[in-house]
Amino acid sequence: MGFATEFTTITLQELPELSNQRKADGWRFVQLLAVNTDAGIDLIYSFMKDGLLVNSEIKGVTKDQTVPSITNNFLAAFVFENEVHDLFGVNIEGIAIDFGGNFYALAQKEPMTIISPEQKAAREKARKIAEAKAAKEKASQEAAPSEQPAPKPEVEQVNLEAKLAGMDPEKAAKVRAAMEAKAKKEAAAKKSEAKTDGEGA
Amino acid sequence: MGAFKLGKMTISGLFKQPETVQYPVQTKTPPTGLKGHVTNDVTQCILCGICQKRCPCGAIEVSKPNRTWSINRFRCVQCGSCVRECPKSCLIMEPTYAPCSTAKHVDVFEVPEHHKSEDVIKTSE
Amino acid sequence: MATLGMLWFLILFPLVVAVVLLAVRNNQARNVIVVASAIVIGLASLFLVAANLGVDYWKPIPMASPLVVDIICMVLGVAIAAVILYFGIKYKNTLACVLAAVQVVGSLVFELMFAHNVEVTECLYLDSLSLLMAFIIGIVGSGICVYALGYMEDFQAHQPEGAKDRRPVFFALMFVFLSAMFVIIFSNNMMWMFTGWEVTTVCSFLLIGYTRTEESLNNAFRQIVMNLIGGIAFLVALYVMAIEMGTLSLLEFLQLGIMYPEMVALPACALALAGITKAAQMPFHTWLLGAMVAPTPTSALLHSSTMVKAGVFLLIKLAPIFYLSQIPSVMVILVGGITFVLCSFMAISQSNAKRVLAYSTIANLGLIVACAGVGTPEAVWAACFLILFHAIAKSLLFLCVGTAEHHIGSRDIEDMDQLFQRMPKLARFMMLGIMVMFIAPFGMLIAKWATLVSFVEMRQVALIVMLAFGSAATFFFWGKWLGKLSAIAAEPDNVELSVHKSEWGSLLLMVVLAILSCACLPLISQAVVDPYIQSVYGTRAADIQFTNQLLAALLAIVVIIVLFAGVGKQNKSKQAQVYLAGYSANNEQRVFKNSLSGTTEATMRNWYLEGIFGETRIRPVGEWVCGIIIAAAIIISAFGTSVIF
Amino acid sequence: MTILAVLIGTLIFAVLAPILGCLLAGLDRKISARMQGRVGPPLLQPYYDVRKLIEKDDVAVNGTERVYIICALVFTLIAGGIFVSGGNLLMCIFVLTLGALFFILAAYCTSSPYAQVGASRETLQVMSYEPMVLFMAVAFFMAVQAILGMGSFDVRAVLYLDVPVITNIWLVFLGFLFVLTIKLRKSPFDLSYSHHAHQEIVKGVTTEMSGKTLAMVEVMHWCENVLFMLWVALFFVWGNPASIILALVVVAVVYFFEIWIDNNFARVKWQTMLTSAWVVALVAGGINIAFLAYL
Amino acid sequence: MSYATKSPWVIHYDGSSCNGCDIEVLAALCPGYDVERFGIINTGNPKHADIFLVTGSINEQNISVVQEIYNQMVEPKVVIACGICACSAGIFHDCYNVIGGVDKAIPVDVYAPGCAVRPEAIIDAVVQGLAILDEKSKALKAQKKGA
Amino acid sequence: MGKATIIPFGPQHPVLPEPLHLDLVVEDEKVVEAIPQIGFVHRGLEKLVETRDYNQFIYVAERICGICAFGHSYGYAETVERLMGVEVPERAQYLRVIWHELSRVHSHILWLGLAADAFGYESLFMHCWRLRERVLDIFEKTTGGRVIFSVVKVGGVVRDIDAAQLAEIIRVLEGIKQDYKQIMDAFLKDSSVMNRTVGVGYLSFEDATNLSMVGPFARASNVPYDVRSLGIGAYGSLSDFEPIVDAQGDCYARMKVRALEVLQSIDIIEEMIARIPSGDIAVAVKGSPADGAEAACVVEQPRGECYYYARGNGSKNLERMRMRTPTSQNLAGMVKALEGCDLADVNMVILTIDPCISCTER
């Protein structure tokens, strides 16, 4: 038996159908996970049969949408559905063993949806890299992609401001201070990282 | 089925030397590479800060202005990545674990000035 | 002659009171009458006991059977049958009707055709056993009557609006019942005894059916049917006695029996059957369980600490015959032993306090029956003490349960959590009652000990085995109840302040009796029980050395002091929380956080071991085995008798 | 037997039993440890434990618990006293049972879920071993009767025997050894509370006890254990003083055997305990007694 | 020396440990190190314990549990934080549901570092804890006498 | 009849090595209802990917749990390697399997010990842990740590095991095997143990498949699923691998499956050691996972299949890292198996899924 993974995208409406189908065909429920993205929460349902691991992804579920529970078919999902509800704030309806938002006692509500400055920065950086890469590729086909220069602090600043606009002023100030320190460190770190990466081989 | 399946082992236990390491009277000889605690051979350290950056716990703090290298042993998880990443190989994983204490503290090492260090940075730049 | 007067007084006075009570409808007046007459009866019986303490001889009181009494007996017999027939027809119970008809015809025929030929010269008698019984009936029985006053008031208050107040009948019945009991224990003339026997049956029938609910009627009929069977057996014995032996005197019968044990096998078996039905032994034990629907605890109490005692009383009287006569002895021993062990087992599976008490009653009666069956002096000694302690402790317990029921609204043991705090005094009384029932150094266990010794000496292996297992079960069901009561937690409401004075009075009486009887065990042995044994067997019997009795009494006093003076106080230690796995919500009240983020109270339910000791498993076994034993014994003895004659 | 003798016996027992019991417990832990391939605590560890418990702060769930425990301890000592003074074996058993009842009540009175479940189990344990213990006493009586011609429950009767009672009642002795494991609270019958191995009911009966109360419980168990060993010895003593040595050897062997059992069994559930103890009692006790009765 | 030091009974609670430290605590009780040599017994019941071994860090949900167990222990008592998580929350210190080391919930007497904490370290920590236990025990005695 | 006995079970409870709470409703010690609650160990470590780069996060990953710590670092590395398309040198793959199987040996023996403790067999518990100590010694000698090793890195491993040490491992394992067989006898043939395990906590094959159970828990209900048979990494080079299954479905079967897996693992280790190739133990890993790249992988932990998922965002920090551990999958089966067992069996049944709350909640 070999092992293979597959990623597919489905819509929210197709979920019950998928769950029924998988049940009928004797697939094993592997897991449910959520990823917080700008567009909403991605839900990934994984099923497995004969070494084939299929991950079906529902992109960008928003707060006002309700996701039907699949515990009618796969009871084992109750753990993950409760978890996704508590940590990501996804509304899941009809969980067989529903802890009603008390699966975890948490300091913050829906902690996984809070976009930390680090995550923000990382996404930003990734976007820059991607942009730069695209630009480079366009500019010259023969050059192999190489290390990017560190993102310009100004650009980051702009982005940050945009993000902070919505926050309450006190918090925003804090974040801003943190970001400044972060940016400075980042700049220093970028250099050392480049170096060690080179030496690591 | 049957009883006293462990009978032989329990009886023979009476006549055998127990396998207990009678610490602290007796100590095991630490094998090489035992993850005990991290120390810094400060004569080599160039305060580059790589260890600080690599540490997944933020247990190390390198201060260039004060010329100190400090480690919070109550935060270090002995992952050894600082040791592996230190460019000067001045970090050593000692095979003895950090002592217990009634209060948490940070171990601070003063890093003396040494000329060579400047060269190293230059060459590697 | 003074004694004779006393006996008559004890028999007749309650009857008079009963008649008066029937007429009185005023609560106040009834209270006064009941209390006063109870005191009179109590004092009279006390006086009787005091005056005759240490009678170690048969004390037949010469008095020819007055014709009046015979006629009264006959009339009563007919009246009883009439009552039963009336209810039997009214509620369409054919079996009861048939049995009643059989009985009334049988007894009429007997009296008209045979009884006249037999002259009984001493109709009443007195010995130490009767004294003991008189003490129990006079003190415990009348104490119950007093208790019933307060109890029935609450009971009436709980009844639906406009329900008929039948309390006059109720109290009249109680006193008739007392009178009938006195008749049973004092009569040498078996005819009289039989009449008293039937009167108790009917009184209890009426008391059980008091509420006239379907359940109570069913149970009342079960009682009457079973006891009529016993009555008919009694009648059979009378026939045999009159026809074959030409006597109706208990004393003569016993003397004859001792001389010719084979000859009396059949009447002994028949009388034993009568005793067994009355003492609610398997397979007839269900009537006593059914009796528990009667107003708690009044009639239950009559049944448990007095009426059933009539059955064992008769059997103990017959003990010397059992000692010599094989067949009835084996039957009584086995039925008693099996009843003891199986009912002790079944008590484990009960959570209704009254049913536990009922099973325990049946079990203990079983033990007494077995002792009677063994028939040695030692066994009889033990049986006497079993009767005494059982009567006192059980009535105390029934009273406690009744009072608790009225104040916590349930007779379920599961609802008696923390009674120790909710009803501090009552709980201690109950705990004392329970301890007297099952644990050394208290009376019941000392008596059981004597039982064991007598069994060992008689090499009754089966009985030893049954006793050992039955006692173990006894420990379990009492122990767990005791535990329920003793629990302490934050439960501030003391709900016992509204208990009636009359109830406290009777409770206190029982407690004092219980304490005295335990503490004075050696004295009672010497003053009452030993003389009886001496009179019957010509030897002294106590199997338990005096020092051991004394030691037991001393220890009992220690425990009582601890119970009433030692426990329940806050000492100087700091208050600690109980361990709730680190997840308390309100530790004082044993409330913890639950899985769904709410709170739950940690509660404790006793064990019932339904799968092992459940009624449905055990009952059929007991009923069949005992039924077959009885049938076999009677058939064999009947056959044997016919061969002899 | 006079009350005075019991009193003196109790005093002697109260002094000696804790000392012997403590040493026995220490030995037990030492040997168990070795059976488990480890070193184990010092011999006097039980003594240190109790001393420590006495030093602990005085804390209780309610004031009643300790009263019950004091009673339990006192009755255990009296039971020992009755035995030591050569008194009635049945009385000794009954008084010990009274002690057990108070121990159970102490647990119930706390209204702690774990202590109460422990108490229920303890009650069940008493129910399980009680028949066999009674049979032991009965068999003792009958054995004395068979040897002397006159039965007696008195412990001191052994002094007049010319053969030990074991000769007549070895089957009962075996049955008694079986329930002894329950009484000693050893695996597989350590249901109500266990000295070791973690239990689903925490510390069962003793869950709520601490400090001095717990210390008393420990001492009580030492005394109980000594008393049980005396019971064992009873089977092997006769008129000859040398028999005491034999009895001591047997006691040592029996105790060692119990330790070994303790280290070789999983804890059973109550169903198994109840049925096995009763079956053993019925078979060992019943047969042996029947034998004595009809032969 | 008070007897407290000769019979230190422990209770272990797993705060939000990764199990690494838990099993080392258990391992210390097992033949490999056999801390019963010092009279240590793992009681599992706060009422019987003198030393509280906590592994793992404190979070929203277990803080009350740790506090309750601590409160139910009878004086004199000592708390030992076993492992980095218990000392300072270590690698998890910036997790959203982690409050911090055990000292955020109850007073800690000895910190035993290590990830996972080694059985030897636990033994060392207990030995250090015994000195503290002894002091507390003496203080309690003095206070009792005074009262 | 009357009310029920309601007992709070955990979070602090001597038989639960980890915090877990149950509201237990029992009658005569028979469990009528058991509602579990977790959440006492939840730290939220998946979110740490935002502050640790993918190299550092491996130290977080192995601290998901200290028992199969190695498995987590291995699974994590494997997933990230898939994400970034890194080819791991063969020797490193073999070394990973050796350590991983050693972890299984230690974990199963540990579990057997805990099981023995659960049914009140203290000396058996002690002997299990005595043996386990020898496995830990191997770890200490080869990795420098007893329970958490930090020997895996993305791209390979950080330490090699030299030939002498490999021989030593074989020697120690043979020694363990001897003692272990006696212990296994006690588990599988001792009547008092069987009395406590046979028929307890039954889970049928249908239930096990319907509930998607994994690991020994499922295999004891005859579900022949073992990730190792998928042949990921060096497992692919095993001469033969058959998952150990048992049809009995009760606690005894689960014990048996685990007990036999210890021997199976020892065989695997021996085979790996015999065939280990020489060569590098790591490759250099450069760059960052691409934005939006996804990878998933499964690893057979001692407790069963563990699922890993990683998503990159173009930076050195992952966008999302997720582990679904065997315990969280098996919780549903545990609730099912608890139905109608005795109070005394509760800890036994809970233990037979070998719960690791730590990794369930992360």
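A, B, C, D, E and F are the chain letters, set down in written order, and residue numbers restart from 1 in every chain.
Following the convention adopted for this analysis, a contact is a pair of C-beta atoms (placed from the backbone, for glycine too) under 8 Å apart; a residue touches a chain by one contact, two chains touch by 3 or more.
Since we're looking at a predicted model, the values are computed, not measured.
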Within the chain touch network, how many edges lie on the shortest path between chain A and chain D? 2
Top chain pair, ranked by how many C-beta pairs fall in contact: C-D
Could you work out which chain's C-alpha centre is the most distant one from the centre of chain B? C
Which one of the chains is closest to the middle, using the mean of its C-alpha atoms? D
Farthest chain from chain D by C-alpha centroid distance is chain A
Chain C and chain E: spacing of chain centres that average the CA atoms, whole Å: 60
Centroid spacing, where centroids are CA-atom means, of chain C and chain D in whole angstrom: 36
Any idea how many Å lie between the Cα centroids of chain B and chain E? 23
Distance from chain F to chain D - Cα centre to Cα centre, in angstrom: 44
Junction residues of chain C - those touching two or more other chains: 576-577, 579-583, 595-596, 602-604, 606-607
Give me the residue numbers in chain D that touch at least two other chains, ranges are fine. 33, 35-39, 57, 59, 113-114, 117, 196, 198, 202, 207-208, 210-211, 263-265
Touching at least two other chains at once: which residues of chain B meet that condition? 3-6, 9-10, 18-20, 22, 56-57, 77-79
Going by the contact rule set out above, which residues of chain C touch chain D in the complex? 417-418, 420, 439-441, 445, 449, 452-453, 456-457, 459, 461, 464-465, 467-469, 471-473, 475-476, 479-480, 482-484, 486-489, 545, 547-548, 550-552, 554-555, 559, 562, 566-581, 590, 602-604, 606-607, 612
Residues of chain E that touch chain F when the two form their complex: 11, 13-24, 26-27, 30-32, 42-46, 56-57, 59, 61-62, 65, 69, 91-92, 94-98, 115-116, 118
Complex contacts: residues of chain A adjacent to chain C: 99-100, 102, 105
Of all residues in chain D, those that touch chain C in their complex: 1-3, 6, 57-64, 66-68, 71, 75, 78, 82, 87-88, 90-91, 94-95, 97-98, 101, 104-105, 107-117, 119-120, 123-124, 126-128, 130-131, 134-135, 138, 141-142, 151, 153, 202, 207-208, 210-211, 271, 274, 278, 281-282, 285-286, 289-290, 293-294
Chain D to chain E touching residues, read off their complex: 29, 33, 36-42, 45, 48-49, 51-52, 54-57, 59, 196, 198, 202-203, 206-211, 214
